[in-house]
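Input: one structure, supplied below.
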Amino acid sequence: MSTIFRSNQRPADALRPVRITRNYTMHAEGSVLIELGNTRVLCTASVEDKVPPHQRGSGAGWVTAEYGMLPRATHQRNDREAARGKQSGRTQEIQRLIGRSLRAVFDLRLLGERTITLDCDVIQADGGTRTAAITGAWVAAQDAVHQLLASGKLSQSPIREAVAAVSVGMLQGTPLLDLEYEEDQRCDTDMNVVMTTAGAFIELQGTAEGAAFTRAQLDQMLTLADKGIRELLALQQKELYE
Amino acid sequence: MSTIFRSNQRPADALRPVRITRNYTMHAEGSVLIELGNTRVLCTASVEDKVPPHQRGSGAGWVTAEYGMLPRATHQRNDREAARGKQSGRTQEIQRLIGRSLRAVFDLRLLGERTITLDCDVIQADGGTRTAAITGAWVAAQDAVHQLLASGKLSQSPIREAVAAVSVGMLQGTPLLDLEYEEDQRCDTDMNVVMTTAGAFIELQGTAEGAAFTRAQLDQMLTLADKGIRELLALQQKELYE
Amino acid sequence: MSTIFRSNQRPADALRPVRITRNYTMHAEGSVLIELGNTRVLCTASVEDKVPPHQRGSGAGWVTAEYGMLPRATHQRNDREAARGKQSGRTQEIQRLIGRSLRAVFDLRLLGERTITLDCDVIQADGGTRTAAITGAWVAAQDAVHQLLASGKLSQSPIREAVAAVSVGMLQGTPLLDLEYEEDQRCDTDMNVVMTTAGAFIELQGTAEGAAFTRAQLDQMLTLADKGIRELLALQQKELYE
Amino acid sequence: MSTIFRSNQRPADALRPVRITRNYTMHAEGSVLIELGNTRVLCTASVEDKVPPHQRGSGAGWVTAEYGMLPRATHQRNDREAARGKQSGRTQEIQRLIGRSLRAVFDLRLLGERTITLDCDVIQADGGTRTAAITGAWVAAQDAVHQLLASGKLSQSPIREAVAAVSVGMLQGTPLLDLEYEEDQRCDTDMNVVMTTAGAFIELQGTAEGAAFTRAQLDQMLTLADKGIRELLALQQKELYE
Amino acid sequence: MSTIFRSNQRPADALRPVRITRNYTMHAEGSVLIELGNTRVLCTASVEDKVPPHQRGSGAGWVTAEYGMLPRATHQRNDREAARGKQSGRTQEIQRLIGRSLRAVFDLRLLGERTITLDCDVIQADGGTRTAAITGAWVAAQDAVHQLLASGKLSQSPIREAVAAVSVGMLQGTPLLDLEYEEDQRCDTDMNVVMTTAGAFIELQGTAEGAAFTRAQLDQMLTLADKGIRELLALQQKELYE
Amino acid sequence: MSTIFRSNQRPADALRPVRITRNYTMHAEGSVLIELGNTRVLCTASVEDKVPPHQRGSGAGWVTAEYGMLPRATHQRNDREAARGKQSGRTQEIQRLIGRSLRAVFDLRLLGERTITLDCDVIQADGGTRTAAITGAWVAAQDAVHQLLASGKLSQSPIREAVAAVSVGMLQGTPLLDLEYEEDQRCDTDMNVVMTTAGAFIELQGTAEGAAFTRAQLDQMLTLADKGIRELLALQQKELYE
C-alpha cells in the first residue's frame, strides 16, 4: 500500500503491537494499562455514589474523563500542570473528547445516580495517547460495571456497546494507520476517529497541519481507521472474555 | 431534500442570511461583524510587532485567535470567564480551532516577525458561532494584511487562499446545513467543517450527540458543507472586492 | 466658556452626540447600546430568580454589575482578562461603581428575591466608558423591570428614580464636560459624577492626575456635570417613553 | 454643631486621638504605625533599585502601594486573601487610591530609577483605614527619602509637599469628621478626602450608601474634611521634625 | 558551653529575651503578641460556631492555623502572597505545623462543633517565627477557651496541656538554642522542636542545610531544646496566671 | 521485638519487599520505578541546560523535585491537582523535602549551570510514598549523572554520596519500620528519616498523630530507621552496579 518507511517495518495499514493489562493498579474499580508500541496510558475507572449538579435528582448517572501526562512522558520535560495552576487547552480538549466518547455508549439512566470517572494518565508518550486512552478507558469502565453488577448494585449493564479509537494520517500522499509521534510530526493531516461496535462514528476530528486534505484522502483515511478500530474492538473483547 | 421544519421556512440545504460588515469598530487593523441569522460575532484583527517565544528569531510570524462570549449573548446568562478566573474547556477548544484554521492559509515567513491576533467575540449567539468566527476572522485578517501592504510594511501578502467554515448536522436522518441553536440541540450529529478556496479540508470535527453516524450520513453532511462553504467564500470575496 | 480646542468644535460644556438603542440584542431582559461619540457600551440586564448568599431569606433582591472591555476596544490591544485569569483592579473598581450606582435607586425589597445583573461591555472605547455604562445600564434595568411588571411577576416597580453619570475634567484651567480619551489623558483632573433625577449625588470620584484641584475648580466641574447629567436623564426618558 | 452621640463624647467636627509612631519595625527604610482611635495601620516604605516595566529606561522612578488587613483586624474574622488566592475588589481599590495619592506629591524624575513600595497593613480596624494609611504612608515615605538623602543616593528630595486624608460622612443630616466603623455603617454618605499642604484636592470619593447627598451637604463635608486634614498635616510635621 | 559569638553576649544555651503581651488587639477572642528578641509574631485566636466539612455532624470541633508574614517583616521586601495569588510552600508547611501542634493538645470532642483559627502574622522577623508562633498561639487559644468557659458555652476546657516550641541548631559543631536569623543562615543544621508540659515530643523537624548531623549531635540539640521549651512553658503559665 | 500483627507476617523491624526497576520509561535521562510492597513510585530525572533565576551566572547548578499522585493511586479517588488549579500543602511539603534531601548530596558547582528535576509520581500508594521517592530519585539522579559523564558533558560526578529514606512509627508502644498505609493510620507517631551513606541525618521529621513520643521512643525509632536505610542504600548500589 505504500513505500513510506515506518519503524519496525510496520506496513502503512498496521497497528503497532497492542497490549491491554487489566488490574494494573489495585485500588480502582477498573484499572487498565494500554500500550500501543511505546505509548503507555494508565486508565482507571472510579465509581462514586454522587453526580455533578446538572444531574442531581434526575435518576441518571454521569460518565466523565480526566487526562494527564506525567512531566517526563515526553522527549522534553513538560511543566507539571498542577504546578502551573491550570490545565492546558490541549489537555481540556482531550479529556472532553474521551468523556464524550464514553458517554456515547452509556445509558446513563441505567447507571443510576453514580459517576464513573475515567482517569487517563500518560506514563510514556509516542503518539496516539488520546485514542489509546479511549480504547483503554472503555475496558476499565467495563471492569467497573462488572463489579457493580457482581455486587448487586446494578442489575443490568448501562454499557450499550463497545467503543475504540485510533489515529490516522496522510504522509506524502500515503494514508497511515496509528501514527507514532515522529510520523504525527511529519504528517500533513492528523485524524482521530472514534467508532462503536456497530461501525458508526462517535467522533471524527481531522486537522490539516500541512497541506489541506481532499475528500478522496478523507475516504482513504476512514477506511484505514475502520480497519484499525475493528482490530482494537476485537482485542478489547479478547482481553475481557478469554 | 427534507420535510424538517426550519424557522423562516429555510430549506435543509440553505444558509441563514449572512451579513459581513467591515470596519465595524475603529481601532483594530481589521474589524468585521459577521451575522448568520441571529448569530453575531465581532472579529477583530490586531497586528503587533512581536511574536511569541517559540517564533522569536525565526524570521517568521504568528497568527493566533481568542474567543469569548458576552455573558448575555445566550438564552441564560453565563458566568463571565474573567470573573471566574479561567476560560472553559469549550472556549479553549474553539479558539484553538480558529487559530489553526487561519494559520493553515498563512505563509508565516511572508508575515515577518509579527503577530496577528484574531479576537472573536460573540455579541449574540444562535448556533454556529465558531464557524462564523472563522469565516469573519479571515476577512478581518485580510483587511489587516491590506493595511500592512498599503503602509509598505509588507510587499507580498502572506495569505495564500481564503478559508471559511460552516456547521452541518443530522436531524432525524435528514442532513441540515448551518444549524441554529435549537436545531443543534436536537441533532444527533453536529459537525464543523473548515475548507479553503481550493475545496480541501482544513478541519473536520464531527460529534455524535445522540445516535452514532454512518459513513453514508457523513458523505451527505460533507456535500452540504461543501455547498455552504462555497457560498461563504463567494460572500467574503464580494464583501472585500465589490 | 473656553478656548480649548475639542474635536468636532465641541464647546467645553457640551456632551458628545448621545445615542441610546434599546433591544440591541435579543436574549437579555434589557439590552441597550449606549454611544457617546465614539464610545460604545453594550449594557444588558439579566434577571435571575436567586440572590447571593448575603441576601438569602431576606425577602429582598440584589442588583449587581460586571464590566468588561473587548480586547481591541482600545488603540492598543489589551490582554483578555479571561485569558490572564483575573480581572484588573481597574475593572473591579468600575464594576463596583456601576453596581453601587444602580442599587442606590432600587428598593431591593420591592424587587423580591431576584438578582438583576447589569453586564456592561465596551465594544469601542473613547473615554467615559464607566459613566456611559451607568447611564445605559439604568435604561436596561428599566426595560427588565417593565418586563417583570408586564408578566405579573412584580406589581410595583422597585426603581425609585433615574440615575445617570458623566465625566468632567480640568484642562489647563478650563472645566470640560464629557471627556474623550485624548482629553482625559491631558487633563489635570478627571472626575466622575453620578446623580439622580432629584439632582442629588450618588457617587463623586475626583482624581488629580496632574495638578491638584481647588475648591473653586471643584465647583465649576460640578456645575458642568449637573448640566450634562440633566441632559442624559432627559434622553433616557425620551428613549423609554417617546 | 450637632447632637449626634459619638463615643468618648467626641464632637462632630473632631478627629479621634491620633498617634504616629516612627521606626515601628526595624527592617524597612520607613516604618510608621498610625493610630486613629482604635484603628491601627502599619505603613512601611521599602526602597528597591528597580522600576516596573512601564518606567524602565525612563530615568524616572515609581511609587506604589499595597494594602492588607490581618484576618482578625475586624469584628468577624475575614478570610485571608493569600489563602483565597486573590485580593478583593475592595483591597485593590484601596491600594490604588493610596498609590495615586502618594504619587501625586512625588516628582518621580527626582527619585531616579527606584521604586518606593508603601505596604499598609491594618493591625486593628475601626473605620478610616484607607485614609489613615495615606496619612501614615506619607510619613514612612518621608523617612525613606531622608535615608536616601543621608546616604547620598539622592541629593534633592523628590517629595514636593505633604499629603494627608480623612473620612467624613452625613449622619441624619449632620456632617461628621473621621468616622468610626459603627458610624460609617449608619451614615448615609461616606466620603474620603485627600488633600495636600497647599489645601488642594488629590482625591475625592463620595458614596451615598443611603440617601443621596446634596451640593450643600457636600460643601459641609468638605469644610469638615479641610479642618481635619489640616490637623493631620500639622501632626505629620510635628512627628517628623520636633 | 561554647565560644561561638552571639549577639548581646548570649550564651549558646540561652533563649533570647521573651515577651508575651495578651489582649494585643481588641476584636479577637484571644490576641497575643509574642516577642523573642527582634522576632515579633501576632497570634490571634478566633472562635466560630462551625466546623470544616470533614468534622460536620461529628460533635467534635476543629483547631487550625494560618501563617503570614508582612511584606517588610524581613530584610528584603517579600512579595505579598495575596498579590501573587498563592501561598508559598514554606507558608503552607509552617501553618500545617502550627495547626498540628495545637490540635495535639486539644480534645476536639470537648470543644464541640466549633473551630478555633489561630492566625499567626509575623510583624518583624529575626529567626524562629514558626516556633514563636506555636508558643504564642497556645496562649491565644487558652484565652479564647477561657472566654468560652466564662460565657458558659463550654463547661470543661478542651485543652489538655500546654505546648511550646523552639529552634535549635549546630553551628561549627556547637549546639545553639533559639537561633536568630543570621545564625540560622550559618548553621549546618536547623531543628524545630515542639514539646508538651509532660516533656514529650509533638513534632521534631531537623534539616541539614550544610553538613549532615550525627546521632550524638541530635542528642545535644534535643537537650538544649528541652531546656528552652521548659522555660517557655513556665513563661506561658506566668503570663496567664500571675 | 513485637507482637504487633503486620501483613504477610512481617517482623516489626523488617522492610517490605523492595524492587527498583531502572529505565522504566524511555525518554528521561534517569527513570526508576521503586516499589515497597504495594507502594509504587515512578522517579524520573530530567536534565536541562538552564537554572532558576537565583542560580543564574553563579556557575553552579540546581537540583529540584516535584511530587504528584495519580488521582486513583489511593483507596478513594483524590481530585486531580491540575484540575483544582493548585498543589496541596501536603504535596508542596513533600516535594520540598525530596528536593532538599537530594541537594544535600550534590555538589552543585560540579553540576555546572544545569538543572536536574526529579519528578516523583505515585502510581499506587500504600504508605511511605515520600521516603520511597527519595530512595528512588537518588538512583534516577545517578543514572542521569552517568549519562552526563558518558557524553563528556561532565568530567567528575557532582554526587558526593548516596541518600535513602524510610518511615518509622510507634504503634501501641512498639516501634515499627516502614509503615504501610493502614499502620500509618493507627500509629501514634510517624517519623520520616533521611540518611546518607555516611550514616548521618539529612532530614528528620517526626509527628505525633496520637500520643506524644518520649526521648526513649525516639531512640528506638531511630535505631530501626538506621537499620532500614542501610538496607536501602545497599539495594541502591546492588541495582546500579551488579
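Per-chain numbering from 1; labels A, B, C, D, E and F assigned in written order.
Just so it is clear, contacts are C-beta pairs under 8 Å (C-beta built on N, C-alpha and C of every residue); 3 or more make two chains touch, one makes a residue touch a chain.
For clarity, every value in this text was computed on a predicted model and none was experimentally measured.
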Indicate the lowest number of steps between subunit B and subunit D, counting one step per move to a touching chain.
-> 2
Compare the CA centroid of subunit E with every other chain's and tell me the farthest one.
-> B
Could you grab the centroid distance between subunit C and subunit F? Build each centroid from C-alpha atoms only and quote it in angstrom.
-> 59
Just curious, how far off is subunit E from subunit A if you go by their C-alpha centres, in Å?
-> 51
CA centroids of subunit A and subunit B: separation to the nearest Å works out as 28
Which residues belonging to subunit D are in contact with no fewer than two other chains?
-> 85-86
Draw the chains as dots and join the ones that touch; what shape do you get: line, ring, star, complete or other?
-> ring
Read round the cycle from subunit C toward subunit D, the chains appear as C, D, E, F, A, B
How about subunit D: which of its residues touch subunit E in the complex?
-> 25-28, 31, 38, 40, 42, 44, 46, 48, 66, 68, 70-75, 77, 80-83, 85-87, 91, 117, 119, 121, 123-125
Contact set on subunit A toward subunit B in their complex = 86, 89-90, 92-93, 95-96, 100, 104, 191, 195-196, 198-208, 211-215, 218, 222
